[in-house]
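In the two complexes below, chain A is the common chain; its partner is chain B in one and chain C in the other.
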Partner chain A sequence: MSGEPIGIMGVGQTPYRRSNPELSAGELVKIAVDQALADAGVGMDAIGAVFGGVAPDALAGIKDIDRMSISVPGRPYLRFNTGGATGASVVAAALAWIGAGRADTVLAVALERMGQASTAQAVFNTIFDPIYEKDFVLTTITMAALRASMLVKRHGFTGQHWAGIASRNFTNAVDNPLVIGARARTPEQVLASPMLAWPIRRYEACPTTEGACALVISRAGAIPRSHPTSWIHGMGGSSDTYSMGERMNRLEGTLIEMVPLRRAAELAYRQAGISDPGREVQVFEIQAPFSIIEAMAYPALGLCEVAQSRPFVDRVLAGETGIEFNPSGGAQAANPVSATALIRIAEAAQQVRGRAGPHQRDGVRRAIATGQGGATQFSTVCVLGGDRP
Partner chain B sequence: MSREGAAAVAGVAVELTTADRTRSLPELIFSCVSAALADAGCVMADVEAVTCACEDLIDGRGLSNMITGPAAGAYLRDETRLSEDGLAALSLAAAQIESGTFDRVLVAAWGRAAEGDPDRISAQGYDPFTAQPLGLGDMAVSALRASAYLRRHGGPAARHRADRDRAVAARQERAKRNPRANRLPGRSPSVPYPLRPADLRVESDAVAAVVLRRAAGPGPAGLVRITGIGHATESFHLGDRLLSGLPSARAAARHALTQAGRGLGAVDVVEVSGRTVWDEAQMVESIGLASPGEGFAALATDARLNPSGGSAAGDCEPASGLVRFAEAALQLAGRAGGVQLAGMPRVALVVSGAALAGQTHTAVVAEHER
Partner chain C sequence: MTAPASAAELLLLPGNWNFDYTYFAGETASRFFAELRDSQRILGRRCPQCERLVVPARSYCDACYVVMGDWEPVGTAGTIEAFTIVTAAFPGLPEPPLVIAFVTLDGADSALLNFVEGVDLSDEDAAGSYLFEHDRVRVVFSKQREGRITDFHFESIPG
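Showing the complex of A and B:
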């Protein structure tokens, strides 16, 4: 990236659980923000702007819930909403804001209150066309199932692959103290869970989750030399067409090739000077609320060819790649939709800073976090590193 | 703000209508964005990023930019969607250019009042236990502000009524001359006291699009540059706010003017958003363009204030601020048509608020290089 380096100097996260009936939205945000500021060693007086991320209003049951819970009087405030990619949009905007000299430090916050919704999938049904699609009961689960069936047909994936990825994520989450109620599950337990929408089973899908995440992002000149910092080496984003039918057969790639994620990765890698991500990156935090999304992400992130995605998953499950995927448990273990992309960046940053806690991996110099929103319509890739650019 | 590398306006377009049965919202957006690209003399392939402002509940679906974003050109390129006023999206797009992230960004904002009731939708943002049962929505807050204004400035005196009538007549007359104004009747929401139907905006289906590009070096004559941007935020709770004024509008405008190195006296054209003529009057007073209690008189007599007719020409959140900016940019370029100000305006100030009831404000200063 050009210009003065920008880094993450503070991280704060609430515990992630199904709902928080005892806490208001503002109280959840305050927990994360207080932690992030303390971690950064700064007070609110250092914050030049506050950027908030909340995705569909209907999930929280209140329009613009961020206004009462995230915005801070006296500070410029903007709200972002790109579905599951919302948290990454907040970070990308913070980079532009700081890069433009508008502020030295931006507080990036994302909040999810979906535990207040009577049923999240009914809300997600409203993202689809009201005339042609809603009555097909399209939801985030069924649209993932459509892709899964394509992966089965075209690349020979089986339920064992999805179950293996899910098992690893759930098992990783046991070491993450922020995932409340985390339980290790074997592939057999995943395969024995009820079918949600063929071929996706309950334990291959993410749970309903609430929580908040906050990052303190600063230009290099505002970060003390000795402060543990995760530097942002690259950030890319790309958007796709809405209609899944239009993504089936086109020159750029099919529905299961995650074309925008690939383009976002290419942009971020170019900024970061990465040519071989499988060798140059130690940790990937992939925003994949379903196992099949993670399997589709591998080739899009340049870790294998599309045609080799199934053998690559076999290698991942056998532990042969030398890459750590989702040490936090990923979005499959906890998926507070609006905040998930920010959490992936937070977790990747903590790995680079050596502050991930019980799920810290050894020797992490570079980590990648992805963001995914709107039925994989919006994709982001953020490259984080321990070395100041 | 350094003028070197600052964002410049390459093209603008505005589309204001009511319940056009021949065009869906994506088609309205596509039409407006296409017009902005044509105005900029470029095609979508020349644009690196789309930064847009829209609201799920106004668009009538969850994560609405899934269907509306591609209509604005967000296909296989960067897309940032804000749930904010369109002027805030313009501010971010300018930052994306100033930071070197992108060279050319398309900014778009839209809201379709014909699809829903913007005031009822705004009510969903208020506290469900302590405020919503009172019937609070943004229109009710405009009425509360109007009452507070009357109390502060001497009650419903004949002078205020006469000034208000003159301000309403002036903005309606300007809207009639504005070639981009909505000629169809807007929605007709209920009107709480002391507001009158003539005080309200023409609730419309509104789309605005602006193409911004990097302007390295001095640039050609006629270039419209963004030279100052300001943002300010008030408390969420209405009880904590000054209802008879808009301190965040004042703070945002001051910041933008300071950044541009301009005083209010240097401003040749001002475009402010407002749900009602009362909100517009309070806005120009808060910014310092009229003395306290003289906002209506200023709107009626000062030709540089909302020459477009303001929200009487058509309005719907969250497009409000970007519509106002497009009108200001056209004034600076000398292309405002029937509402073009005499004397070649050179400096414009645009101020617009966002949910809830103006809790946040964005101000932008744009200048024409001769």
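Showing the complex of A and C:
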């Protein structure tokens, strides 16, 4: 990154559970914000701007729910929505704001209130084109399942691969005290769960989750030397065509090559000076609400060639890569849609700060968090490091 | 905040969103649907820059960000690019089991989504294997056509 370094100096997260009827939306956000401010050692008076993220309002059933829960009087406020990538878009905007010299310290906040919806999948159906596509049962589950069939045909993946990834994520989540009700699951248990949309089973998909996450982000000059800080080494983002059908026959990559994630990774790696991510990065928090999305992300993140996708998953499942994937349990164990990409950044930041708690990994000097939203339309890659750039 | 109220005291207020909308398809999609309804033809438009024939028709190529050129019909048979067999029911969505697929019709450079019929869905794993081995489908037009994307579906071509 050029210019004055920027770091994450405070992290706040609520517990993640299906619903929180004992808390209003604002009360839920305040838990995360108060924690982030306390962790940063600053008060709300230090906050120069607030960046908020909420994806489809219809999940909460309150239009512009961020107005009642995230915006803070007396500060500039901007809200973002890039689906599951929302939380990372919030951070990208915060970095740009600080980089432009408009504030020393800002808040990046995201909220998911989907526990109020009677059915999330009918809401997700409304994100698709009503003219050409919406009639055909498109949901987040079927959009993932369509890709899964391509991956099976192209690379020979089997249910064992998806189940293995899911099992590791659910099992990791047991050590994350924020994932309420986390349960370790064996690959056999995943494969025994009901089929939702062939070849995707219930335990290859994320659960309905509410929660909020907040980060205090500052320019280096506003961070005390001794303060444990996770430095932003790189931040990349890119977008793709909305129509999934138009992403099938392309030179730059089909629906399953995650072209925007690859581009985001290239941008972020260039800024961070990373040439071999598999060796230079110890922890990846991948925003993959389905195990098949995680399998697609590996080559896009430069961890293997596209043609080596299946052998690489075999190596991941055998624990042969030396990389820690989703110590938190990832989006598969808890996926508060609007907040999930911010949570990935928060978790990666805590890993490099050595403050991840029971699921802290050893010797983490660099961690990567991804964001993924809008039927793989939006992707982000954030590189975090313990060393000040 | 005071101590949390007991679960019985927490207010849970029912609510719903139920608005009516009129979706505006625009001129290009409207012509696509008129051709579908009146001539049982599926048309795309070709991008003058990347030269892809995009089906269903769009007024502009968003990758190149230029206005599309000529209208061209495509074949009524095609190849499955991606499919899924929907097996779980969700409130407000069509009843399973159903097969949906993105199909590249012969001559097209993009895929369009529709239901696939003519597949035995009694065993989903067998149906999945069948669709990998039999990835060709043909377009079947409805007798009563309304100028909607549901005026046709795909049917698996055996053999």
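As a working rule, the second predicted complex is superposed on the first by the 389 of 389 C-alpha atoms of A that agree within 3 Å, B and C clash if a C-alpha of one lies under 4 Å from a C-alpha of the other, contacts with A are read in each partner's own complex, and residues count from 1 in each chain.
As a working rule, a contact is a pair of C-beta atoms (placed from the backbone, for glycine too) under 8 Å apart; a residue touches a chain by one contact, two chains touch by 3 or more.
Just so we're clear, the structure is a prediction, and the values are computed from it rather than from any experiment.
More residues of chain A lie in contact with B than with the other chain of the pair chain B and chain C. By the document's definition of touching, neither partner reaches A:206: not chain B, not chain C.
Contacts of A:95 after superposition on the shared chain: chain B is touched, whereas chain C is not.
By the touch criterion defined above, A:130 reaches both chain B and chain C. In the superposition on chain A, A:259 makes contact with chain B only, while chain C stays out of contact range.
Of the two partner chains placed around the shared chain by superposition, chain B is the only one that A:49 touches, whereas chain C remains out of contact. In the superposition on chain A, A:61 makes contact with both chain B and chain C. In the superposition on chain A, contact of A:248 is made with chain C only, not with chain B. In the superposition on chain A, A:149 makes contact with chain C only, while chain B stays out of contact range. On chain A, the patch touched by chain B and the patch touched by chain C overlap at residues 58, 61, 130, 241-242.
Those residues of chain A lying in contact with chain C across their complex are 21-22, 27, 58, 61, 116, 118-119, 121-122, 125, 130-133, 135-139, 141-142, 145-150, 152-153, 194-200, 202, 241-246, 248-249, 254-255. Note for the complex: chain C touches chain A at residues 1, 4-5, 7, 10, 12, 15-17, 23, 25, 29, 52, 54-56, 58, 62-63, 81-88, 90-94, 98, 100-102, 104, 109-115, 124-125, 127-128, 131-132, 148-150.
Contacts from chain A toward chain B in the complex involve residues 2-3, 49-50, 54-58, 61-64, 67-68, 71-83, 89, 92-93, 95-102, 123-124, 126-127, 129-130, 236-242, 252, 259-260, 263, 373-375, 377-378. In the complex of the two chains, the chain B residues touching chain A come out as 1, 50, 55-57, 60-63, 65-67, 69-70, 74-84, 88, 92, 94-101, 121-122, 124-125, 127-128, 229, 231-237, 355-356, 359-360.
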